[in-house]
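Below: one structure, written as structure tokens.
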Amino acid sequence: MPISDWFKAREQRKYTTPTEASTPSDVPDGVWVRCEGCKRTLYMGDLERELMVCPSCGRHHDLAAPERLALLVDEGTFEEVDAHLRSADPLEFTSGKVYSEQVTAAEERTGLNEAIVCGRAAIGGRRAIVGVMDFRFIGASMGSVVGEKVTRAFELALAERTPLVLVTASGGARMQEGMLSLMQMAKTAAAAARLASAGVPYVVVLTNPTMGGVTASFATLGDVLIAEPGALIGFAGPRLVEQTIRKSLPKGFQTSEFLLEHGMIDMVVDRRELKDRVALLLSYLAAGDE
Amino acid sequence: MEFERPLDELEGKLASLKHLDVSEQPELAAEIAELEAEVARLHETLYAELTPWERVQIARHPERPKTDDYLQELFTDVVELHGDRLFGDDESMFAGLATLQGRRVAVLGHRKGKNTNENIRRNFGSPHPEGFRKAERLMHLADRFGLPIVSFLDTAGAYPGLDDEDRGQALAIAECLAALSAVRVPVVVVGIGEGGSGGALAIGFGDRLIMLENAYYSVISPEMCATILHKDARRASETSACLQLTADDLVRLGLADAVVAEPRGGAHHDPAMVFEGVRTALGTALESLSAVDRATLPDSRYQRLRRIGEIAGG
Amino acid sequence: MEFERPLDELEGKLASLKHLDVSEQPELAAEIAELEAEVARLHETLYAELTPWERVQIARHPERPKTDDYLQELFTDVVELHGDRLFGDDESMFAGLATLQGRRVAVLGHRKGKNTNENIRRNFGSPHPEGFRKAERLMHLADRFGLPIVSFLDTAGAYPGLDDEDRGQALAIAECLAALSAVRVPVVVVGIGEGGSGGALAIGFGDRLIMLENAYYSVISPEMCATILHKDARRASETSACLQLTADDLVRLGLADAVVAEPRGGAHHDPAMVFEGVRTALGTALESLSAVDRATLPDSRYQRLRRIGEIAGG
Amino acid sequence: MPISDWFKAREQRKYTTPTEASTPSDVPDGVWVRCEGCKRTLYMGDLERELMVCPSCGRHHDLAAPERLALLVDEGTFEEVDAHLRSADPLEFTSGKVYSEQVTAAEERTGLNEAIVCGRAAIGGRRAIVGVMDFRFIGASMGSVVGEKVTRAFELALAERTPLVLVTASGGARMQEGMLSLMQMAKTAAAAARLASAGVPYVVVLTNPTMGGVTASFATLGDVLIAEPGALIGFAGPRLVEQTIRKSLPKGFQTSEFLLEHGMIDMVVDRRELKDRVALLLSYLAAGDE
């Protein structure tokens, strides 16, 4: 779907963009919402003006892919690639929900073809290949299509020697595609390794939540790892860890700030400064090519 | 194993009958013969069409041959290399150098224990970040010195502990994946038991994948999958069928290249047969890869990965 | 500082005299004038020929400009990069990207604090293994993206703690040395304060070494040297002379390329002058290195190291 | 000094070799010695037959360079290189002892020109460049000459594409050569990096004690790091660490076994198996060149 269609979709109230005071579909009367962080009731317009960051407690609320793109890339510069790729149901997975139906439902609910949107764009005037994940699409889990689109994004960045910026959010591998899903970890990591050895910059923005097979593959292989404040980032899910250690988890476990303290990420950046920071980083990492 | 219980019961009954003096109770002889036939029949039907969930149980059998057994039976001049040079030495991951029928190789392998003590030291085969970082170190070493890598998979998965998250379990696995994809030496992977998710994959892909008949390889454990989908781990039998995690499944999906046959009931019933099968399969794989120009290996390995995945509207 | 005590006393006396009303006691005017002349004379002699030990004290002065000050005064668009991606983020080591008069560079620097709190967080500028591993990560990043490295030295040394040994302090430093020797970008080092042993060297050699006039760089702290040789740390004044650790010594030994003048009494008396001196010296060094073919840098850096050392019968 | 002279020197009782039952100069009557480990009194002949490893407690006693060479390399294969390099006194260092006199005294006491002996040799029939350090020579500290000889050993290994085996023992940098000594760390590490990038094997045997600037440079940059049992290996001296933490040190701190547990070395090898193990390792690491 080209970017123009998104705006159409937004008009059809499938999306909200935080840059305009619109009335998102999931807010009954569209005016007041409750912050998931401080539980305060906020005027939606205020929240959107702050890019869905709570002006009171700083909570970064999840964004849909179009919202993310709107705040990250220069207006009108995004050209989507690989928009036509859609998930098959290779295992004919039927335990629990029927997978193929789940995919169709996600498509309809989100207006997206899969859990990641990739394309060419400019960020602060600098060319970049950009991919943003959307957690609403089956938890942005990585199946064949997400793996393929991520891999193609690496390949495009390599072919055009253009920096790659990926914004991640994911529950992990998409189990409904079984081993085909697990192998996307190896495939995307291999693509990342090729880009790195070619010296083309790769910046990752980890957003809430980024877990499991995505964290354990391409999402942490960036030259620079940025995280949004308060995002949950880790390998094993917190409940599983809690069961394993049979103790309650320390406060802030697996948050961005926790990862920063443990040396795993380069920086935590407020969403309202994200675009500028990414643009600045690209200016450094692309310095050698200029 | 659970699914063997009817057979166990029958065999128990048979054993107790055999214990009696048949000469004093001649009617017993017929009963024994009948029972023996029944055992044989059951044996046949029980193992002839193993369900995926039964194979998962066989793959986890405590007496199943482990990485250490393969090291001892197939290799000579084994030198273990310890440590990640960063934080610790993870005993759940073997890394070392060894010789396979005159061929010098680097060996990686998940390492379960033979007894409780060993299992505690080896964390039941579930690596910490240090294990993956040690493996990554061996990958670089093998790459630098042109040693083919042979990797044995047998883990329920990377350990989901608190300290493991602290020390970057996800990053350690990701770095392993990147390193393994780029080595300029042949990589042959053998699934010998459990192939649990990212913890298996970290040392679990390459130029050839050989699977033991009852080994499994899965994106998620059947129990956890059942817990997520049905909030009921006991529906693992159902999910293990859906996940397509058996050796045959992997061949069908184009992921595995060869399957090594196991004796009826699983590798632990006749380890020697399985060692021989793995030796032959490894020899074939390494021999065919030795003919390939090594500089082209990372590229062909990438193309191999590149093909994986099924897409609509692609 | 200890050696400034006579001056401090005289200046104190002068200040208290000036406090009095001279119009009521005209004989004071002469006394004040004499005292002022004496202060000026002492100022001259005290700072004219600073001993090495006095310079070490100036190098350690708490108000001396620090890495953070240089970052703020000389650079724009500073982006700090945290963490070693292995274990932790060591606040005693700065690693980041910054712009120096339009030139994009990578910056490393030991980081002392401005107050007790900051100093505790930054371990008084003595890095743990994580600090060196973060620095190594930045070296690789700079190498990959062609960013010249500017490194500020200001540490008493790598931290000699128990956990530091546990986590491989020696290995972390060794890996830094190896990485820094091989980067294909210009490396300019500025000794701004203390240059303590291996902890300084880990980020402390390259294609140019600029020393502040009162900065020191030494194989061992004068106190520890005195303790080893004389079992008496108070003989540090003697050993600091023997060790040849001043900026001038380093130039004479062929190790330093340029010395940036400091105001009388040390950099903290006129930071702006020192910032200007460092800006100029860095600009000159980076400019001259920008003309060099980058592929040849590791080799010429190696040759530079290769020449160091004096040998009899060589 | 060529190897032939060592045997002469040994006859003059400057050396002992553990492979023959000789009477070393520092044992008054030459027959009984006290084990530094278990304090048992041992017959010197027994100790030497065990390569100076206590048959009772396994303590590995320090070896002089010629003893080390005798047990590590194939008999008659060692050809020394750079034997003529001797320490100058560039700083005219006179605090404490006069450095130049200290060097002369060490030369006379050990019969060596410096704290390391380097050369070409064969180990189990495999060619190698070999360097062994001798702690008796001013604590085998690294000054200009040790740094230069180590660097030349790396360069020789590189030029001849022959594996390098270094046996380390050192108190650290040689402070009497000031910054010239410190810079040998960078010089040797740079030489090690060049060898590594050329893919020529480098094996290190860390022996008691290996500390400070040597551990923090070339000694830990090997492809494989072997340590002898019970060797003290670390960066900061144990007394300094104790002063820093103001607690007593845990048992076994900075020993080989401690380092193995903390993941810093590949293996701890009994001296009596060392030569075979090194030869085996070389057979693996040189496999690609064969």
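Just so it is clear, A, B, C and D label the chains in written order, and each chain counts residues from 1 on its own.
What we mean here is this: a contact is a pair of C-beta atoms (placed from the backbone, for glycine too) under 8 Å apart; a residue touches a chain by one contact, two chains touch by 3 or more.
Note that the coordinates shown come from a computational prediction; the quantities given were computed from them, not determined experimentally.
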| item | value |
| --- | --- |
| Between C-D and B-D, the pair with more C-beta contacts | C-D |
| Rounded Å distance between chain A and chain C, as computed from the means of their C-alpha atoms | 43 |
| Interchain centroid distance [CA atoms averaged], chain C/chain D, Å | 34 |
| Where chain A and chain D are represented by their mean Cα positions, the distance between them in whole Å | 54 |
| Multi-chain contact sites of chain B, meaning residues that touch two or more partners | 85-87, 167-168, 171 |
| Contacts with two or more other chains, residues of chain D listed in rising order | 196, 220, 262-264 |
| Touch-based graph of the chains, sorted into line, ring, star, complete or other | other |
| Which pairs of chains touch, using the document's own definition | A-B, A-C, B-C, B-D, C-D |
| Contact set on chain B toward chain C in their complex | 85-87, 133, 167-168, 171 |
| Contact footprint of chain B on chain A as seen in their complex | 84-88, 90-91, 93-97, 143-145, 147-148, 151, 173-175, 177-187, 189-194, 196-197, 212-213, 215-221, 234-237, 240-241, 244-245, 247, 249-250, 253-254, 262-264 |
| Parts of chain B lying in touch with chain A, wherever the complex brings them together | 158-162, 164-171, 173-175, 177-182, 197-198, 201, 205, 217-220, 224-226, 228-230, 235, 238-239, 242-245, 249-250, 253, 255, 301-302, 305-306, 308-314 |
| Chain D partner contacts - residues on chain B that touch it in the complex | 77, 79-90, 97, 104, 130, 134, 141, 144-147 |
| Chain D - residues contacting chain B, complex | 196, 199, 201, 220, 223-225, 260-267, 277, 280-281, 283-289 |
